[in-house]
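Letters A, B, C and D mark the chains as written, and numbering starts fresh at 1 in each.
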């Protein structure tokens, strides 16, 4: 019997190695795998490359992972926010590498990895500082920049509902990067708010089929913070 | 008030021009926009390029569109079947051009068009007759072939359920190429088996958001043929 | 260079309202952070405009009351929102396929500068800042079928934002089609900036004095 | 060259059963048209293997009774199928992302020929045929993490299908990892074909006589 549930976040992260590329889902406070990120900050790991739209705020979550010195490089689109003090300090001191990628290009590079493509030509960023040094090419009179697939060793995502095959649904804006990252990593680990029996999810409404998911941990984490959201 | 419903297939096809590239959804008998295809065979059109996984069987559907002399070129993955006599005759006589593309490459070329990408590098077909003359390139020691986006002027698709914004769901294997083609054409026309009020579809389960759909015609066509399926 | 005028510049809600007036029913529209976000409030309820947020929400509705916020429903600016009947959710790859694939009728962005050739600079003030942040701005600017910029006509210290050539890092080349400022509405035409409309009391000379690039009147 | 042997070749269901025996629980598997399709029937119900069909069905179940067919549910071979509890639907771009992206543990395809370097020819018999048809074969062959070929060991007129170099148009280069024939199970190893198993009564000499490329025994 296929059963992808594990009992703890520590078990969920078993086998993750230093030097790994970790994809972390979520956008703002919504759909973020908070418990898995906490476990990551407590694991004995170094030199991680983290791909995440934002770069953490305050001193918890991804900011704590960075503060613990586990992250060598962040690939993100929007590191800046009122509370992103950890990243800013590490960045100023040259202790963390930062690759800024347009948000849609991050999504598309992940999607290319999920689909076995090596690279693609996109119009985003042409003529800007973020395309400097990158190959460009004209198609039908328009210039495009070559961007490469971005594959994760591990993806950490949050789902709303899961079954034992790892089929997943999400909740409203909690979908965001999660389904894309689920498909783009060798080892995909989901924390899920709710759990159902196999067969209970509508096959027409499953967003991430279980074939893309390796481990699921049930974390009824609760609602995202209703406080003033930080960018 | 946005209302994408039109009253007839003829109205649905209004403005489609000779020389257009037409994407046609469906796989086998399932999810095929039969009424729109019939209307296409009756429209005064010439020199169409048709993108469709199969190339029609018997003397109805796409086969009839070809028999009427409306099609200059077919782009498909699987033209051959027991009943594909119309295509075979036209092809043997040199009266129709045929571009055979691996099924996944058709899907991906459509998806690239839907996403505004110009081209991508895929491993499919490398070293085969279908990649002859195409640019190849190595990434991380593996060879990939460059494939270009395939955009439609028009997409004809079949949905299961639609609302007046053009939000769509599909039925089981009737999904197939339909959502991909809906996003890849300038003018997307759906025939739908059922209709609901705006707001009745679950926003978590809408497969094709209405922003990708231009016209919807309500055709309670009925179930796909249960007879022996033809490949 | 400056000219004394007797004109009251638009405030931010008025700028947003001016943009909203030009958005017809049925358009699919993405609104950037800042003044653009306010545009939605000025589209009448009965004019169905489909607002898209790049974090995968289509059919963004009016802002919720403070005590009726849905914790799971935010926009790209991380503000709480509502979903209209007919709305839908997508993941990020599909959401940006929508943007880049030409499925947005319009994107409205704030800007630092717009150049006479349509170049826009809106994401970075240059090399000396802390970790730079681009978000979805480059995708939106490169992908939308129409890009309108909304900004004050000049900076707080009086420098022109309608420029011959952008001084800040670019977001996209030749992308802007129209500019809404607190003083005027200006099209970006092949031959340069064309003033479509000015606020009451504004003169072309005074507007020119506040602009770096040459302004034209419609032919 | 030929050798007289006293061995009864496997029939098609037996070949399918032999393949099925090697598929462990939990694998995600795509089965090609022909003998491969039969493999699913030989996986015990209680061994959960997730069968994928490239037209967007994950979790293909047993064939339906003739009077219980669902008109909307077919596989890539256009045969009527069922969906297991836990199954899901995808569109074609996602379905082939699954294939090319390395998410298939295994694909089992029929073949005309497999070469000693793993090249496979299974989609076209050459230039003189009518409109050629590839379907998803090239995607599956290039994308699956493991590709196994199932075929008669020789053609009806006795020509070898395990060859030094394919004579038919290729489907993919160096893709096949294992071959199941009616006579043997052969691995495609870096140094060539390695015979893992032969049917009762078969000898290596007799098998070699029916093969174009050199056969090895395991080291």
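Basically, contacts are C-beta pairs under 8 Å (C-beta built on N, C-alpha and C of every residue); 3 or more make two chains touch, one makes a residue touch a chain.
What you see is a predicted model; the values in this text were computed from it and never measured.
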Common touching chains of chain C and chain A: B
Pair of chains joined by more contacts [C-beta pairs], B-C or B-D: B-D
Distance between the centres, which are taken as Cα means, of chain D and chain B, whole angstrom: 29
Between chain C and chain D, centroid-to-centroid distance (C-alpha), Å: 56
Interchain centroid distance [CA atoms averaged], chain A/chain D, Å: 36
Contacts with two or more other chains, residues of chain A listed in rising order: 108, 111, 115-117, 122-123, 170-172, 203-204, 207
Sequence positions of chain C contacting 2 or more other chains: 83, 89-90, 93, 96-97, 99-100, 143
Interchain pairs in contact, sorted by label: A-B, A-C, A-D, B-C, B-D
Sites on chain B touched by chain D in the complex: 27-30, 55, 77-81, 84, 87-88, 91-92, 98, 100-108, 110-111, 122-130, 170-180, 207, 223-226, 229-231
Residues of chain D defined as touching chain B within the complex: 33, 53-57, 69-80, 83, 89-93, 95-96, 99-100, 124, 130-139, 142-143, 169-173
Chain D residues within the chain A interface of the complex: 25-26, 28, 46, 48, 50, 52, 58-59, 83, 85-90, 93, 96-103, 143
Partner chain C, residues of chain B touching it in the complex: 1-2, 111, 113-117, 163-165, 167, 183-184, 198-199, 201, 203-204, 206, 209-212
Partner chain B, residues of chain A touching it in the complex: 108, 112, 115-123, 137, 139-140, 142, 144, 148, 169-172, 202-205, 207
